[in-house]
Structures are given as structure tokens and as C-alpha cells.
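Okay, so subunit A shows up in both of these, paired with subunit B first and subunit C after.
After this line comes the complex of A and B, so read on.
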């Protein structure tokens, strides 16, 4: 009995059990105590009359590959939660494709094809069909009737407020589909393209990404890093357009760019001189 | 999703749909008609001109011609009802309801005097001086729900409109602007950039002198004593208690009125406003001062 007891005591002594630790935080993770969340909110003039809730979006970072949420940003619902009018988006895309397209397809008319001045045979008495020229459109080698003429421009202007509605609709769709991200700034630690590729891979931003900044001189690192990647592009906020937004999977705005876009579009939606603005484009000119 | 409607519902539906891209957008069905090319020399059809004869040749008869009948416009000897219609002034209407809406939606600032210039600057109301428009006619539509306290200057107002404005403690004046001044008011920025001195407002023409000098219509040439008396008379007639304007915190604003020769609040005739340098130039010569004095 005593032997048995001693053996058990020996075994217990030999077994080196690690000291138990109880902890409420997960280890191997950076402390976030020192990060004060940024809450970016704007008092809008029409803030009391919203029918929709203002949109709240995470403010993210670009200086690490892993996503850090730096805070919350509140966006105007008329710009970032407008009606997702697919038809207006389509009209904008069609306009952007058409206005710059000049068709150079060209055919010669019967007058431009060489020869054919002489009447091939007399009008009567030959038993053949009457013809006046061997270059008539009925003839092989003759001119083309109503063929394409070069240059044919396809320029037209989409109405001003359709263009505005296209921008708000596309921004709203992008935000609704989680394809719009807002970052604090476009500063990245290296100028290596692999950093941007890793970042896009890590955050599931899809292959193509459009970065929008508030100013047309971009930070050096992101300019060099995205230079060689064809499907990652950077653009100043005034170049924002419907086609480019849809061309890229993800749209990344800096906080300042998002505010500038909002401000500009709100100005156009609420400007008092729209009557004067649209007067030159009115069909009924008086 | 139950509570979501309209835009929010559409946007929440988009969350579960494939990503919108250049490949999966289209216009509403039937919104675009593909252009068709007509066959033949003239596009193949008659271009809406019909088949034969005068109509096909688009031989339109002159206006009023009735193919041999005595035309309607010659059938009766004279119609004097519209005599001088090309000289009569016209006052495009603005209802009290719309005025209230402009104030509620911050298009007009009711803490400052409202006149034709501020109405045109809203971008919602406009006049065409070529069409003999002479200013705003404030109409009584929405008089029952008009609640703003304003100091307003209009060109034409009826008795119920005056009552509706004064019932809320506001002030209304009817004032005349000559066509030259109306051109200035119509586009003030264009006028200032032209560099001309602000013109002197002319007195009303004889046909409306009585209207603008009568206290009943709150004319700008009427005696203020008589106007304050008429305000009381109107309050008794329409059965409301006239708020005491002397005790109003905005008494000074409510009593602000233009000089009969003055066009803009704070600017006198003869001054030149330089928009580029942001300065106001005032005449110094005696004869100019004398000319522009009211």
C-alpha cells in the first residue's frame, strides 16, 4: 500500500505541469489601446431632412498589408446611397464610349469610283437593260449607295444632370456591393509592386483597383508601385468617371477625395443657377 | 429587409447580386430606337407630307387664309378689348404658398427684407422684361397656411394677400420699377460687371401712379401714417389682431424700406460697384450728386 502511494507521489513530482495562465486578451496581436478611432462626421445643411440614414463606412489604412480599421466616416446619402439607376449608368457608359469614337470606315460613291462617265450602250434597241454608267451601285465594281463615309463623329453630350446622376448611382452601387473603400491616405511603405499585389490579395479587392486621391500629384511610392501593374490605376478626384469606376473591381478613395466628391456633387445637385446653366443646351431657344 | 423601401431596398438587393461591371449593364427596354435607313433616293418615304397635290408640296397657306372665305380676322369690324395689349405691363404671379416654400427650404432668407432681386436670385422665379413683365404679383393661393413673418416688397398684391402678410406681423410694400431698372435687377452680376452706375429709379407712370401712392395697396409713395392706419382697418375687416410691430425683436428689419429712387438695399443710385476689385465708387462731383439725389 505504501509502495503504491510512493509511486504515485513520485509520478506526480516527475510530471512537470506547465503553470496555468488565464488571460482575457488573445496573444500575438498588437495592442490597439493607443489607437484613437477617427470619427469623421460632417454637419450637412440638409442633415435634418434626410429620409435615409447617412452611410457609415470604415476608414482603412494602406501602410500595412493587413487591414486596420482606423475609424468611421459618415457619408451623405444623396451621393453614396442614391438610387442605383442601372439605365442611367448605362447611358453614361455609352456616352463615354461614343463621344470619342470617330468612325473611319469609308466607301466610294458612284461619282468617286474611277471611270463610268460614258453610257455603256444605247438606251434603246440593244435588248439589254438600260444603264447610264458602269459605276452605278447595281454594277459589280460600282459605287456603294448609302455606304459609310469617313470621318463620322459620334459625339454627343449627355444632359448635365444625367451625368451627375450617373456618378451618384455608380458610387452608391459600388458602396452597396462593398467595392468602395475609404483610406486615410495613399502612403505605402515601399515602392515595390509586390506590396500592392499582396495588399490587394490580402484584402480581397479583386484584381483591378482604382485609387482616387484629392490631388493630382500622388505619393511617390504608390506611383512607382502601381506603374507596372496595368490593372491598378491611380487618378485624381476630378477625373472620376462612371466608366473607370465600373472598369475596376474596387474603388479606393482617400477620405479627402471622398469629401471633395461629395461636396462637388452636392453643389451641383443644389445649385440655384441651374436654370442659367442649362439654358444654352435647351432645344427651345427663345 | 422588411423595413427597407425604395433606394435602400434596391441597394440591399445589390449586395447579393453579382458585381456591376461594364458587361452587365443595360438601358431600360424600349428606351432606344435603332436608327433605320430608308431605301431609295429620298429615304424611301414621303416624309410626312402626304401623297398628292398641295399638301405633298408643303404649300402652306398664309396664316389666317381660309381658301376663299372672308377670313375670320377680317369678318368683324373691330375688337377693342385688347387695345394697347403690347404696351400693358404684366406681373408674373407668385403665390403665398410658393413664397412659404422658398422660405421653408432656405431659398429665401426671411431675416432680411425680400424684394424682386432676392426672388430672382433664388433661381426659381424669373421675369422677362422684353415681354413687358414689370415685377411680381403676389397671389393669395396658400394664404391660409402662410406663416412667415417677412418684410416683402412686391409689384402687385391684392387685399387678402396684404392681410395674410400683416396677420403674421410682417410688412408688405408695393413698389414700381421702370423697365431700365428691371433689366438691371434681372441680372445684377452682368450689370455690375458692365461698370455702369446704378440707375435712378423712375417714378411710376400715370396709369399706375394711383396704385403706388395709395395706402390701401401699401404703395411705396403713400404716407406712412396713413398706411399704419390702414393696417388697423384691414385687421378689423379680416378679423385678426394686428401684432405690435414696435415690440418685435426684428423691428428695424421690418421697417427697412427703399428710397423711391433706390434700387438695391444698401446701395444708392449713382454708385458704381466694381466686382473685380471689390470696391464701391461713389460720385464726388456736385452735379452728379444733384442728379442722383431723390
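After this line comes the complex of A and C, so read on.
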């Protein structure tokens, strides 16, 4: 009876809690009058050839805990609205885990186990099975046949355009799932880790956040603030990779970084020297 | 005769000592040959700052990105037709490749018996596209054809070599 009563009380308590916010696209309650919205319309060269619309993303700020929408920016659909190819994403993740894995598992063969050089008993006449060495794989304490040998590298290279497709697919997935945010810059007012924690809590960015800037020397405050929080990381744009994007709940790009990523990936998708680029990886080398 | 021999031997000795005093060089590689220090001796040139002449230099440089094809309306001896369809003209859209060619390929099994035509870069209603292609190819050839749709990756496979038929159909639609 008391159990039942306790459960009912628990349920009532839960019901009185404020409703959870699941999505950051909820309309901005705070009215900000002093911000002039920045709307960056970009005319892309191949703009009349898009099946997907160019993606429009809110430009947010980091200098207050509360979210302010500073404007709208337009992103290229071939980079930020590509097909969510989870097969290609998986290939990329597998490659990133495998190429750095060296297996140190090791066993001794029959030649490496100590002893066993002499024939344990004559071939014939004893009534026992014939054996040539006490370290044969058939014996207890003998060597291991076809065991793991250390070090075993698992390095391989994923094709170049599969890596590019992995990046576009992951960026598109992150944007479609509302896990990609664009901020104007990474300047924050204090170097206190609690500020970053509050900000992430306030904006529902999930526990782990990856900040991407356009350059590898970051603003001092965010560097100090995120230094002690292990699940909040900062990275220059050239370090962006599929594994890290999936590892973190939310990906935060600065506007400049988003543009640089877009520019660089578009260049790779249209570059004229790809024949030269892929020549070293061809199997039929001349 | 003997004197001649001695003379020849002496000469040989002199040449060998000379070559020993030099540091050996391999002239086999282009890297090991000495550099031209005075280009004036070899080529005649003048430095110009004229901006109008830069275009002649520019056209010799390799392209950074693949240049756009000529605009619609031109006739080419190769039979190439640029894409004319807008993405919103049909319920489906086939994008050109980065070389502005139609993404239709023929794949053959190792001994060349099995032939599969593959159409990639499809967006939109892939089922309607497959229906239209199938209708066109079946009317042209008078044969039933087998197709396979991979909606997730946006590609259609047609059993048999129908590359040119599919390309013809795509030209009628402007893809």
C-alpha cells in the first residue's frame, strides 16, 4: 500500500516539473532590439542547379549565456544538405579507428618456446603416438599455431572521395538533426569553466560540444574555460573529422570556419587535378 | 713498336691520374648536372608588365577547378549536349557529374558476360524516374528489362547494356 502511495506521489512530482525543451528551434522568447540582423545571402556559381535548397542557419552568439540570434546565413546544399549516407559515415569511422590501432597481442610459436629440440621417444616400438617435439602445438605447453603476432598494424587508406563524402554526409546529418550551430566568434567574457557549462545547459547543446574555429590559435578565454572540461573541445577547421563530429553531441562552427569548410570541400568536389591527386593510390601502377 | 707502346702506356698513366684528382660526378640524373647560371646565354627574353598580355600566360596555366561547359545552343562535333533541365522541371532530377557528363555507366562482370547499366546522382522521386526509363527502353528495344533501385544512394541499375538508350532519354528530358 505504501509502495503504491509513494509511486503516486512520485508521478505527481514529475508532472509538476516544467516541460522539457527538446529542440532549439523553439521561437526565441527573449526580444532583442539592439541587434541588427545579419543576413548573408550568397549567390553560388552553380545556384540554378540545386535540387536541395541552400540551407539557412541561425547565426548565434557566445558572449551571453542566453541565446541571441544575430542573423541568418546561407550554406551550400552540396556540403550541408548532402544525402545522409550512413554507410559512408560508417566506413569513415571504421577507417579512423583502424588506422591508428596496432595490436600488441603476441604468442610464441613452437620454435620460440623453450626446449623441444629432441624427439621425446623413439618413433616405433613404445606403443605411444609418434611425436617429434614436446613443444608441438598438439602438446600442453607447446607453441601456438597461427596465433597473433605483435605488432600487427591495421593501417589502410580510405579512398579520397569517400573521405570527402563522409565529411559532407556527417555535416549534413548534424545540421538536419539540429546538432550543428553557427556562432559569430568564440569570444566569451570570462575564463570560468562554469560559464561554458551554463551556456551548454541553457541552450540544450548536450553534454559534449565540439567548437571549431577558422584558425588554430583560439581566443584565450574559451581556451582556459574548456581546458578542464573533458567533454568540451576546441579544434581548428582543418582538424575536422567524421569521428570527432559523431563523438560530440553538438558541433559549433564559427561563421568563418563554416565558410572555409564549405570552400575547401567544394574545391575538392570540383578540382581539375584529381587524376594527378589519385595517381599514387592506383593499383595498376605503371 | 716498343717505343710506341711505352708512349701509349705513359699517356694512359697521365690520364688516369688526372681523372683521380677530379671528384667523380654522375651525369645520369638531371639533378646532378650543373645549373644554368646565366640564362641570358641560352634564351632571349624580356620582362613585361603589360596587363593585357597576362591572358596569354593564364591560358597556359592548369585549371584549378573544372571549367563550365559552353552555354546551351552550341552544337559540338562530339555530340555533347549541356544540361538544360532545371531541377524543378520534373519530380526527379539527375545531376551532371563534376565533369559535366551524364552519370550513366556500364559495369561488366570479370569475363564480360554480365552487363549492368548504372545511373547515379538521382534526386527526387526515383520510382517515377525508373518507371519512365523502363517505359522508354522497353518501347525502343521491344524487350522487357530488369531494374534495381537503390533509393538511399540515389542510383538505378538496369540489367543489360542500355547506356546509349538511357542517355538518349536523358537528352529528351534535358538532363
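The criterion applied here is as follows: the second predicted complex is superposed on the first by the 252 of 286 C-alpha atoms of A that agree within 3 Å, B and C clash if a C-alpha of one lies under 4 Å from a C-alpha of the other, contacts with A are read in each partner's own complex, and residues count from 1 in each chain.
Methods note: a contact is a pair of C-beta atoms (placed from the backbone, for glycine too) under 8 Å apart; a residue touches a chain by one contact, two chains touch by 3 or more.
Being a predicted model, the structure only gives us computed values, none of them experimental.
For the composite obtained by overlaying on subunit A, subunit B and subunit C cannot both be accommodated without a clash.
Subunit A has more of its residues touched by B than by the other of subunit B and subunit C.
Once the two complexes are overlaid on the shared chain, A:140 sits clear of subunit B and of subunit C alike. With both structures placed on the common chain, the touch criterion links A:50 to subunit C but leaves subunit B unconnected. Once the two complexes are laid over each other on the shared chain, residue contacts for A:178 go to subunit B alone; subunit C is not touched.
Of the two partner chains, subunit B and subunit C are each touched by A:83. In the superposition on chain A, A:267 makes contact with subunit C only, while subunit B stays out of contact range. In the superposition on chain A, A:91 makes contact with subunit B only, while subunit C stays out of contact range.
Residue contacts after overlaying the shared chain place A:230 against neither subunit B nor subunit C. With the complexes overlaid on chain A C-alpha atoms, the stretch of subunit B that clashes with subunit C is 96-104, out of 24-32, 60-68, 78-86 or 96-104. Within subunit A, the residues touching subunit B in one complex and subunit C in the other are 52, 83, 87, 272-273. Residue ranges of subunit C in contact with subunit A, taken from their complex: 62-67, 83, 86-87, 93, 95-96, 98, 123-124, 152-154.
Against subunit C, in their complex, subunit A makes its touches with residues 48-52, 83, 85, 87, 267, 269-273.
The part of subunit A that touches subunit B in the complex is made up of residues 45, 52, 81-84, 86-87, 89-91, 93-94, 146, 170, 172-179, 206, 243, 246-247, 249, 272-276. Listed in rising order, the residues of subunit B touching subunit A in the complex are 6-8, 10-12, 14-15, 17, 19-22, 25-28, 31, 37, 106-107, 121-124, 126.
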